[in-house]
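Below is one structure, written out as structure tokens, with a few remarks after it.
Letters A, B, C and D mark the chains as written, and numbering starts fresh at 1 in each.
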Amino acid sequence: MENIKLEEALSFPKDKIMQLNVCIFGVSGYTGANLLYYLLKHPNVNVVGVFGDSSSGRSLRELFPHYHNVPDINISNYKSFNFDNVNLIFSCLPHGSFQKSIISNINTSIPIIDLSGDFRLKDFEEYRNFYGEEHIAQIYSKSFVYGLSEIYRDEIKKSKYIANPGCYPTSILLPLIPLLKKGLISNQHLVIDAKSGISGAGKKLEKQYLFSEVNENFSSYGIKKHKHYAEINQELLKFGKNSFTFIPHLVPATQGLQSTIYLDKQNELSIYKKTLQDFFKKDSFVKIYKNTLPSFSDVVRTNNIAINIFEDYSKKKIIIVSCIDNLIKGAAGQAIQNMNIMFGFTESESLI
Amino acid sequence: MENIKLEEALSFPKDKIMQLNVCIFGVSGYTGANLLYYLLKHPNVNVVGVFGDSSSGRSLRELFPHYHNVPDINISNYKSFNFDNVNLIFSCLPHGSFQKSIISNINTSIPIIDLSGDFRLKDFEEYRNFYGEEHIAQIYSKSFVYGLSEIYRDEIKKSKYIANPGCYPTSILLPLIPLLKKGLISNQHLVIDAKSGISGAGKKLEKQYLFSEVNENFSSYGIKKHKHYAEINQELLKFGKNSFTFIPHLVPATQGLQSTIYLDKQNELSIYKKTLQDFFKKDSFVKIYKNTLPSFSDVVRTNNIAINIFEDYSKKKIIIVSCIDNLIKGAAGQAIQNMNIMFGFTESESLI
Amino acid sequence: MENIKLEEALSFPKDKIMQLNVCIFGVSGYTGANLLYYLLKHPNVNVVGVFGDSSSGRSLRELFPHYHNVPDINISNYKSFNFDNVNLIFSCLPHGSFQKSIISNINTSIPIIDLSGDFRLKDFEEYRNFYGEEHIAQIYSKSFVYGLSEIYRDEIKKSKYIANPGCYPTSILLPLIPLLKKGLISNQHLVIDAKSGISGAGKKLEKQYLFSEVNENFSSYGIKKHKHYAEINQELLKFGKNSFTFIPHLVPATQGLQSTIYLDKQNELSIYKKTLQDFFKKDSFVKIYKNTLPSFSDVVRTNNIAINIFEDYSKKKIIIVSCIDNLIKGAAGQAIQNMNIMFGFTESESLI
Amino acid sequence: MENIKLEEALSFPKDKIMQLNVCIFGVSGYTGANLLYYLLKHPNVNVVGVFGDSSSGRSLRELFPHYHNVPDINISNYKSFNFDNVNLIFSCLPHGSFQKSIISNINTSIPIIDLSGDFRLKDFEEYRNFYGEEHIAQIYSKSFVYGLSEIYRDEIKKSKYIANPGCYPTSILLPLIPLLKKGLISNQHLVIDAKSGISGAGKKLEKQYLFSEVNENFSSYGIKKHKHYAEINQELLKFGKNSFTFIPHLVPATQGLQSTIYLDKQNELSIYKKTLQDFFKKDSFVKIYKNTLPSFSDVVRTNNIAINIFEDYSKKKIIIVSCIDNLIKGAAGQAIQNMNIMFGFTESESLI
């Protein structure tokens, strides 16, 4: 199977403004709910189908009584849905579901933006190692472009399938890739201490995610192995880095994510900063701060990534502080941004 | 002024169980309130004087209506207090107050446990650099033992003056000192990413500590310079380390502190772990975990430090996770522990 | 001074779509920040002036680095500002400032939406009693329409001055006024137990609003007297009610407000419910829930009010649960809604 | 079966100080964990058996690595446990388990303190109505004394079986019973608006208790019917009250509970206050505040109940604010208090 270009797949010319008919798999999770929120605001989108196991049969209006302009449709089973007029599919399902049981059952000529980890890794050994199961939809995998909007905008524009990046990787790769391209990161001692709000865990019913467990708590997790390690590794390797340490932590907050990144200082701090400022000077969602420190509250409920860069008291390390909203720039927002790029809408449409 | 031994200073022989008359400077802050709580439970302590500017004149019972066994005394001005029968002074004042205006006005034959940073640093240049003002009580400084209980127990036992350690240093030095002693830490690339609850800021009336600012937020601070850097540096230097990076963060939780510490791997993980287990095998407040990850909720409102040690996926770094309650083991609890050590009480008395 | 009609005041015909030049007093508080956020999104608004004491001189872009499309202006002193081309003034200042020192210094031919309590009460005795100071701008007071959008839409449309309602009153009056009009509320035993997030206190630097005080806490306040009592009383009296009990509480959350309202049951529950459904059937921001219970999370960061109505187990009381976001429908959002009504824009413009 | 007196049941004379061998059913829940914490501190208690389904087989030390003095025992199945030397059984199991499947399988000559709702209601119709299932251990029910310590101290002293009260009832009955006894509460319009931290829901794995659902949220629940309604009703009826409204709410906090109680004013406020002060003057856990308002933070992690009483602005209602920790005075703490009363220990032993 060849890489499928978006224009070949579409039944309409991409350069005319048009109305997209959109479906969402997994609308009832946190990411799905955020995605729906943005899609309902988007002037070029009609939400025509919503699929979800746990809430099947329920009215979308009943599930989202506080949203405006909700179409009068029910959560349904995609197997009995008519996809004929659908222009775009979003999947917000948990890892594994889409590759294992859905993609082979749907009309794959329809463009897809998948927000899970199913199609991010190109190395199926790594997939098995980190996701703990076989990838059975490898045939589609190479057609998926890794949807890190600011880095792969040109490929996204032309692609039909997007593997929307993970939250940690988004916060880490955006500042690191420009620095790697300039040779400003040594091959050793890259330490990434990352902290995320709890919504990244979705609605999993596990004791550790109960309010009384999370509240007033703070904890490390995934110390020995975390799915996002493989994704960060794949992308850094494209630009030459080959060893790093990544330890994620859970913050008692719903949304927000910060990566504190420690680099060996190879050059003047100002060179690092200017590299980021230059690289992102046209990217309205990337905020390279001048003096202040970014924090969760600067980015939650926005599609922004806020970054600043410092040297520590020892003058031996460069410290990058990079913040996003894990559910927005780290999931639903970047997915909308990618849709806007793919279909030629204003990149920030409905995101500001 | 010579180092003053506790026994010389005391008017009673230390080996007989006795009742201490105790005073507290700064009782109305978070640390003071916790200290008072433990002192009121302690069978060998009578709280006889409490001093505080903002609450002067108010009844202690009125300020702490929910405490039990509160003596019927008022917050007063220490200048008009009769210290004749006082056996021990605690100071929970903000940094600077005790060294600048108090110690020279009180009877310095009374033992003191100071919970501020006033007498931790022995290098007055460092003090000026990190605390931003002159130290004017240098004459007393060398008599203060750095009260890291498990490390300096013998000195504490014999000393009359204790400089109670800071919260971050306590969480960092306890796991690092045994490893340094065994030569398990290389001279480079020690990265400490520390996270604390907000109560460490006390009751400072600054916008950044308002609920609406802190809640659902997470942020770095003190990136370029933090008072505790100097304290950690002083203590690590005693055991040979001379470069490290320390970045503190604020967690939206009241109490709790975690340091995630990244070391270059110099040896097998098991050697690191066994070193800590052996070193602390008789220390009931030090919990070296076997499998689970420590987190805030394991230590808050206890005098414990909970530690575990791992290697990361890259196998190049050793990761130490070290948790304490910043107000207890990081302040009031360790002060009580030091009092117990000094006066020959059971070390854990009233702390469990 | 006569009531000034909006059309007389405006230099443009209200029925043509146009671009408003807008100023904000008090942009740096929580309400001001939310108001700015909506105004920056609004296609018919240019923010041309922003005033604030504490942040005077600072660049608006620097203060809001995470906002998009921030005009390149500085926070300034209104006294040196040229109001010639200004079409609308918002004031988000703390209670008292606008009536005492500003309104008499500005060109009062410009329409004003005041979000403080300065012009809500028409009885100056009540004002003195509840606000603790004299009202010195009484001459303007009668020109201010109480901006409860869904109730006073027609008056708002014609008025030049709007006194934007308080957060508690909005949540309470919207469900009660339709029931009062239908005679469904007895003259006694109306109990309102209200709960608000902390942001209602703004950025006041008081110990009680520190994170460590609010977090994990819940408390009543204003039990004997609360400014909003007078406002609720004034409005209920217009429809005949004359005794009620109102006790507010602080919830450890930033945004959100719920009023739990207890009425003597005078009629079937279904009559109450239908009354609300009928009254608000065209109001897109009023969500009368069918089965589910509204809660903070249904309304935060929206301009919605979500209401449901029940009877309790004793069958003697009717319970209304009414939720809003205190900063949005309870402040900045309703102000935008009022602006949209005044100037003939779509009522929900930029609010959804 | 007759009411069983404690002294008949015990194999030792109650008036000699002794060491109790204690078992806990349901040690791994929040209440069980708190109970264990206090029992481990108690000088007259040995914890000899701990039972729990989900954690069966695991070592108690491993489950509570941060506790001190944990006995070296495993969580086991009570069916294979030898109860011969057991002096007291605590049950912290969810409602229903103890009455349905356990009490008939154990040696009922051993004293029991049951923290569930199984034996609180004496009317089995009410039990079926509110608990949704049959009571199949009715034979034991009349031997259970309702363990509201300050009210039923004398009965508790003599009883072998204690039904430990629910959290809401404890906060409500303690202030109301003394007022009812004095005839200060009218027969109508008693409104109780109660607010609890989330830990009351235990570790139930339901979506509504996930951190991301609870955090920054506030909600009513159980509006039409709540188990505690029946319990409050049963106890109030003993003192003559027969109608009230009770609406519970969930606060985004782990521990803490406040009942705001609205009474028709029948007499001077001072009479209400004095009645409570007199009634509880010897009860060290009941704090009748003089001026300040009690709040969660006054009582969490204590066995205190803090109460104050006011009149509202309308002067027609008396407002009682009553706060407890739902897990301590509302569960584990009151259970310990009851044990202390039963066995003649100091009533506050290990609770302060």
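One rule holds for everything that comes next: a residue touches a chain if its C-beta (ideal position, glycine included) is under 8 Å from a C-beta of that chain, and two chains touch if they have at least 3 such contacts.
Remember, it's a predicted structure, so these values are computed and weren't measured experimentally.
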| item | value |
| --- | --- |
| For chain C and chain D, chains touching each | A, B |
| Centroid comparison with chain C (C-alpha atoms), farthest chain | B |
| Inter-centroid spacing, chain C versus chain A (mean Cα positions, whole Å) | 37 |
| Where chain B and chain C are represented by their mean Cα positions, the distance between them in whole Å | 47 |
| Residues of chain D engaged with two or more neighbouring chains | 213, 215-216, 252-254 |
| Residue ranges of chain A in contact with chain C within the complex | 41, 62, 65-66, 68-69, 215-216, 284, 287, 289-290, 292, 298-299, 301-302, 304, 306, 348, 352 |
| Sites on chain D touched by chain C in the complex | 188-189, 191, 193, 195, 197, 213, 215-221, 223-226, 229, 243-247, 249, 251-256, 258, 260, 262, 264, 293, 295-297, 300, 310-314, 316-317, 319, 321 |
| Touching residues (chain side chain C, partner chain B) in the complex | 30, 198-199, 201, 203, 205-207, 209-216, 252-254 |
